[in-house]
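In the two complexes below, chain A is the common chain; its partner is chain B in one and chain C in the other.
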Partner chain A sequence: MLSVLILSHSPDIAKGLKKMCLQMVSDGVIIDAIGGTRDGSLGIDAELVLTKLKEMTAESDGVVILGDIGSTIMAAKNAINMLGISEKVRIADAPLVEGALVAAIEASIGSSIEEVVRKAEKVKFVSKL
Partner chain B sequence: MMYDTEYFIRFVKIFAKYLAENKDYLTQLDAAIGDGDHGINMDRGARVALERLESINPKTPGEIMRTVGMALLSSVGGAAGPLYGTVFMRMSMTFRNKEQVDDKELVSALEQALLGIKGLGKAEVGDKTMVDVWEPVVIFLKEKIENGRTLPEMCKDVVSLAEECVKATIPLQARKGRASYLGERSIGHQDPGATSSYYFFKSLCEAIRGE
Partner chain C sequence: MVKIVKRIIVTNPEGLHARPAGKLVKLLSGVKSSVIIKYGDKEINAKSILSIMALGINPGEEIEIMIEGEDAESALKIVEGVVCENEN
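Entry: the complex of A and B
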């Protein structure tokens, strides 16, 4: 089973997006989200990203990370470097909301980590109009 | 000279003092071209770092740097968290469990920190980021150390070089981070990350004198 880790600068976005993903898929994938700093303000707790990523890589076959702005991606890259687990983790270069939904669905149907990332990244080019 | 735990504790305290004193100034710089939290974030991170250092009583320079790095990762919040977190973690890894380090090891740790920053943020000199201070200062130090000079005798030059580099970010257009969303409107403002990096190097130098 794969995991999807949502990272946002905003605690509300993280919480809300996790809820949206869980509404689409209930099993076959582990979904979690981190947003905001320890005191609940805007930002990212990079230490929490580190411990969460460690936990998720231990309990699943791979983790796909999606983030919104630069600091979340840096927190993810930092955690991957520090844990030395690059083979089990991918950062999807995708818009956060649509990317996370697609990644969650794709992971829940048993696709490989590469396929999940490919599908999530494809949403960059999906027109809404 | 040899740099021991007392030196690094002094360094962290001086850096924290500069961040506290310039909290509003850094936040003001960040408000102009970013999200206006750099001063608040760095000050909060430094305070957590000092608290953790006091509670664990570290035995080596490496342990001090690791403790500060983890504190910054957990509590800075913005991109500066992973960036400065990496600076301290990389330095800690270079020092390993040595009880003191020499000029060469200190500069080699700073070089590893620079590589860490560049690896995370993919910024180059001229992008209007902390790399605009870090890279010229590390290159300067590396060259001088290889020619047998020591940090104490170069401190004046290091601080003025770092200061020049900070000022040089003013006319630049940001190409990384949230300031890059502003495009040309980022021109004419001093980069907050470069400014806090100036305090970093200034603190490294001032800690030598035992102030």
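Entry: the complex of A and C
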């Protein structure tokens, strides 16, 4: 089973997006989200990212990370390097909301980590109108 | 190659939004046939979650299903199962 980890500067976005994903897929994937700093303001708790990523890689076959902007991706990259687990983790270069939904569905179907990332990244080119 | 075209009224009380859309994509992932949903002037791939959600289909609305492939019959059963699902 794969995991999807959502990272946002906003605790509300992280919480809300996790809820959206869980509404669409009830099983076959582990979904978690981290948002905001330790005191609940906008930012990212890099330490929590590290702990969570360690936990998720231990309990699943691989983790796909989606972040909103800048430092969430940096926190993810740092955590991957520090844990030395790059073979089990991928950062999807995708819009956060749409990418996370697609990644969650794709992972729940049982696709490979590469396929999950590929599908999530493809949403960059999906027109909404 | 079997080809099925069928009009269906969406009776699932949730329409084709988050939960049913996710379920449909998940179930159709095991199907080989191509499955197209036609709604108004739009035609989308029913195996794509974002495409289904972009349609925003409410309960009571009519869609047209176009399925083509060797397992078209079972694909139709899946679509009807989700679209016409009524948990009450």
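Just so we're on the same page, the second predicted complex is superposed on the first by the 129 of 129 C-alpha atoms of A that agree within 3 Å, B and C clash if a C-alpha of one lies under 4 Å from a C-alpha of the other, contacts with A are read in each partner's own complex, and residues count from 1 in each chain.
Please note the rule applied: contacts are C-beta pairs under 8 Å (C-beta built on N, C-alpha and C of every residue); 3 or more make two chains touch, one makes a residue touch a chain.
Note that the structure is predicted; figures quoted are calculated from it, not measured.
Of the two partner chains placed around the shared chain by superposition, neither chain B nor chain C is touched by A:121. Within the superposed three-chain model, A:108 lies in touch with chain C and out of touch with chain B [touch as defined at top]. Among chain B and chain C, the chain that touches a larger number of residues in chain A is B.
When the two complexes are overlaid on their common chain A, residue A:47 makes contact with chain B while staying clear of chain C.
In the superposition on chain A, contact is made by A:38 with chain B only, not with chain C.
When the shared chain is aligned, chain B comes close enough to touch A:71, but chain C does not. Within the complex, the chain B residues that touch chain A are 35, 37, 41, 70, 73-83, 85-86, 89, 116, 119-121, 176-178. Put simply, chain C touches chain A in their complex at residues 18-19, 21-22, 25-26, 29, 49-51, 53-54.
Contact residues of chain A toward chain C in the complex are 20, 23-25, 28, 98, 101-102, 105, 108-109, 123, 126, 128. If you check the complex, the residues on chain A that touch chain B are 37-38, 41-48, 50, 69-71, 74-75, 77-78, 81-82.
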